[in-house]
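Look at the two complexes coming up: chain A is in both, with chain B in one and chain C in the other.
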Partner chain A sequence: MQQTVLALVSERKKLVSTIKDLVIENLELDLEPHQVDEDCPLFGVGLALDSIDALQLVLSVEREFDMTVPTDDVTIFRSINTIADFIERSKD
Partner chain B sequence: MTMQNANTPLSFETVQEMSAAYDAVRSRIGLTDISDWAKLKVTGYDAREFLDRVLTGNMQQLGENEILHTMALDADGNFLTDIQVLGGFEDFILLTPADRADALAAAIKPDADEEVEVVDLGRDYCLIRVDGPESADLPMAILGGAVAGMRIMAFAEADLGDATVTVGRIGTTGEYGYFFLTDASSRDTLLAAIRAEAPDVVDCTADLHRLLQLETRGFNASADRPGGEHPLEAGLHWMVDFQKPEFVGKDGFFARAKEAPHHMVCIALDETRVVPETKTQILDGDGNDVGYVANAAWSPTLETSICLAYLKRDMAAVGLPVSIAGQSGRVVSAPFFITKSNSAR
Partner chain C sequence: MTRADIEKLLPHRKPFLLVDEVTSVKPGQRVTGLKFLEPDDPVFEGHFPTDPIMPGVLIAEACGQLGAIALALESGDVDERAQSGKATGYLASINKFKFHSPCRPGDTLEMTVSVGKRMQSLIQLVCAVKTGRRKVASGDLTVALQ
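What follows is the complex of A and B.
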């Protein structure tokens, strides 16, 4: 049980770390990964990204994870964690 | 409909009592008088530099008619309060909940050589907020085109009869939420205008906002840090400009952040109406202590109990199965509720 849980936690943290790097690098944010909370809203309150950032983010995720991102689901890019949720769902 | 105190979990019975107001905010529109909030006006040639020095956010990048949600620390880097700052050229309005008024006053003290004037708007101004999907059209309906198409975290001023009203979009309870700030003598005029345009508006209380903010993971300084946890444990990184060379309390703030053992997460319990109390221990699947509850409530939308919790940093990850007072649940992504799609996670 514990090994399974630890593996789950480790895998999730690895995915979150990859997405943080992706967001920071592709949007050229002046931040270190540990300075971004994974539940922080990416748009509006929070990191205050804009619509151009959103487009860039969609393209980056599609390229990095070799997947198509639906543009009509506003919940996917709410935070680092919701992006990770989407990627995990897409793998299933 | 009174809460015992800010750290008491909302009971199911209390949620039942609040259900009409809750339904209004989630499906239509609710109105809350928060005139007891602390309200300071900071003006002067050095006002921007002063606020940049005493707040953790970047005031140099705050444009006119923009709102910045940031925080103030004491000299040792301890959290004082979070603050909504309404940006002007040389004039700023600072808003914070009533229970943080003293903390705000302690933080906003310019030095004698700074050309800054601080005026307590206090009882001279009223502050009314409206929340819910049907609030989206309200500012333009009562104040006209000057406030049309307002972005989130922006504000504008407009006339209402003889009064000047400042209206801002903050959305701390969901996608749509606005506040109206005007002089106290115009309060009745403002309320009449709101009720004329939204006759079905339901009166809410500040207590209800604790639940609404919990569902959207809006920060509630009174409820979300029951043990005085570090703001970065609470995920408030976005209130801090990490690149600023200086701000009051910076060194102590970052030194303590390195030692902070926890990380705040959202937990949804499995279909239970039992609301865990603050500081209730959280166990992992093997019965190991991994953290504790900070702020919990029963969510009418999700029909289960939800909580913000502090987990040991190395275990804080979405998907982690947990047990709280015998109830099973798991860590989920924030928020619990997203207004725009009117759907629950």
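What follows is the complex of A and C.
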């Protein structure tokens, strides 16, 4: 049981790390992964990304995880953690 | 589609209308078109005087204009669109565009633009350009429709 939980935690950490790298690399942010908080808002305050970045982020998530991302649900891209939640939900 | 029809759809004019002919179009999905690189085009006088080549940014711009035609025709045919107003799209980003080989006066750019992901007023255009069998450029643009 504990091993299963540990495996899930490890998998989640790996996913979050991949998303952080994706955001930094594709949007050419001058940040290190440890400087991006998983719950930090990506748009508006926080990382202050704009709508053009949003479309780029959608495309890069689709490419990296080989999935289709709806563009009418703005809650998916609220933070790194919400993107991870969406990807995990999509796998189920 | 002739130059006259293209001018009914786009607000661009000489010397900045960079689509000479539309060879096929699936409204809202895909469009192919041509740009003839006339040897007397003033752009070649300066780019470059002893080695004239088509500037890459103009190739990307030509693809954006061609993509706007596919988007304009989503809401009606050429004459209906001419009545309702020309499509104005603004280039919002040029993403990972590659220029594989130079184009020179006398070449014809054969451009294919596919309409990709849409997010509110932003639209991804996937572009591929060749001249004859030679790959010239490829990449993505994002345009903002007004």
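Please note the rule applied: the second predicted complex is superposed on the first by the 92 of 92 C-alpha atoms of A that agree within 3 Å, B and C clash if a C-alpha of one lies under 4 Å from a C-alpha of the other, contacts with A are read in each partner's own complex, and residues count from 1 in each chain.
Operating definition for what follows: a residue touches a chain if its C-beta (ideal position, glycine included) is under 8 Å from a C-beta of that chain, and two chains touch if they have at least 3 such contacts.
Worth saying up front: this structure is predicted, and the values here are computed from it rather than measured.
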Worksheet item: Is this a clash or a fit when chain B and chain C both end up on chain A?
Response: fit
Worksheet item: Of chain B and chain C, which one contacts the greater number of residues in chain A?
Response: B
Discussion item. Let me test your reading of the model: by the given contact rule, A:7 touches which partner, first (chain B), second (chain C), both or neither?
Written reply: neither
Worksheet item: Touching A:67, do we find chain B (first), chain C (second), both, or neither?
Response: neither
Worksheet entry | Geometry of the superposed three-chain model: angle at chain A (Cα centres of chain B and chain C, steps of 10 degrees) | 110
Item to complete: Give one of first, second, both or neither to describe whether A:52 is in contact with chain B, with chain C, with both, or with none.
Response: second
Worksheet, complete the sentence: Rounded to whole Å, the nearest C-alpha atoms of chain B and chain C in the superposition sit apart by 16
Practice prompt. Could you pull out which chain C residues touch chain A in their complex?
Written response: 92-93, 95, 116-120, 122, 124, 140, 142, 144
Practice prompt. Could you pull out which chain A residues touch chain C in their complex?
Written response: 51-52, 54-56, 58-59, 62, 71
Worksheet, complete the sentence: Listed in rising order, the residues of chain A that touch chain B in the complex are 1-2, 5, 8-9, 12-13, 16, 30-32, 35-41, 44-48, 74-75, 78-79, 81-82, 84-85
Worksheet, complete the sentence: Given the complex, residues on chain B that touch chain A span 69, 152-153, 170-172, 217, 232, 235-238, 240, 242-243, 264-266, 284-286, 288, 314-315, 317-321, 333-335, 338, 340-341, 343
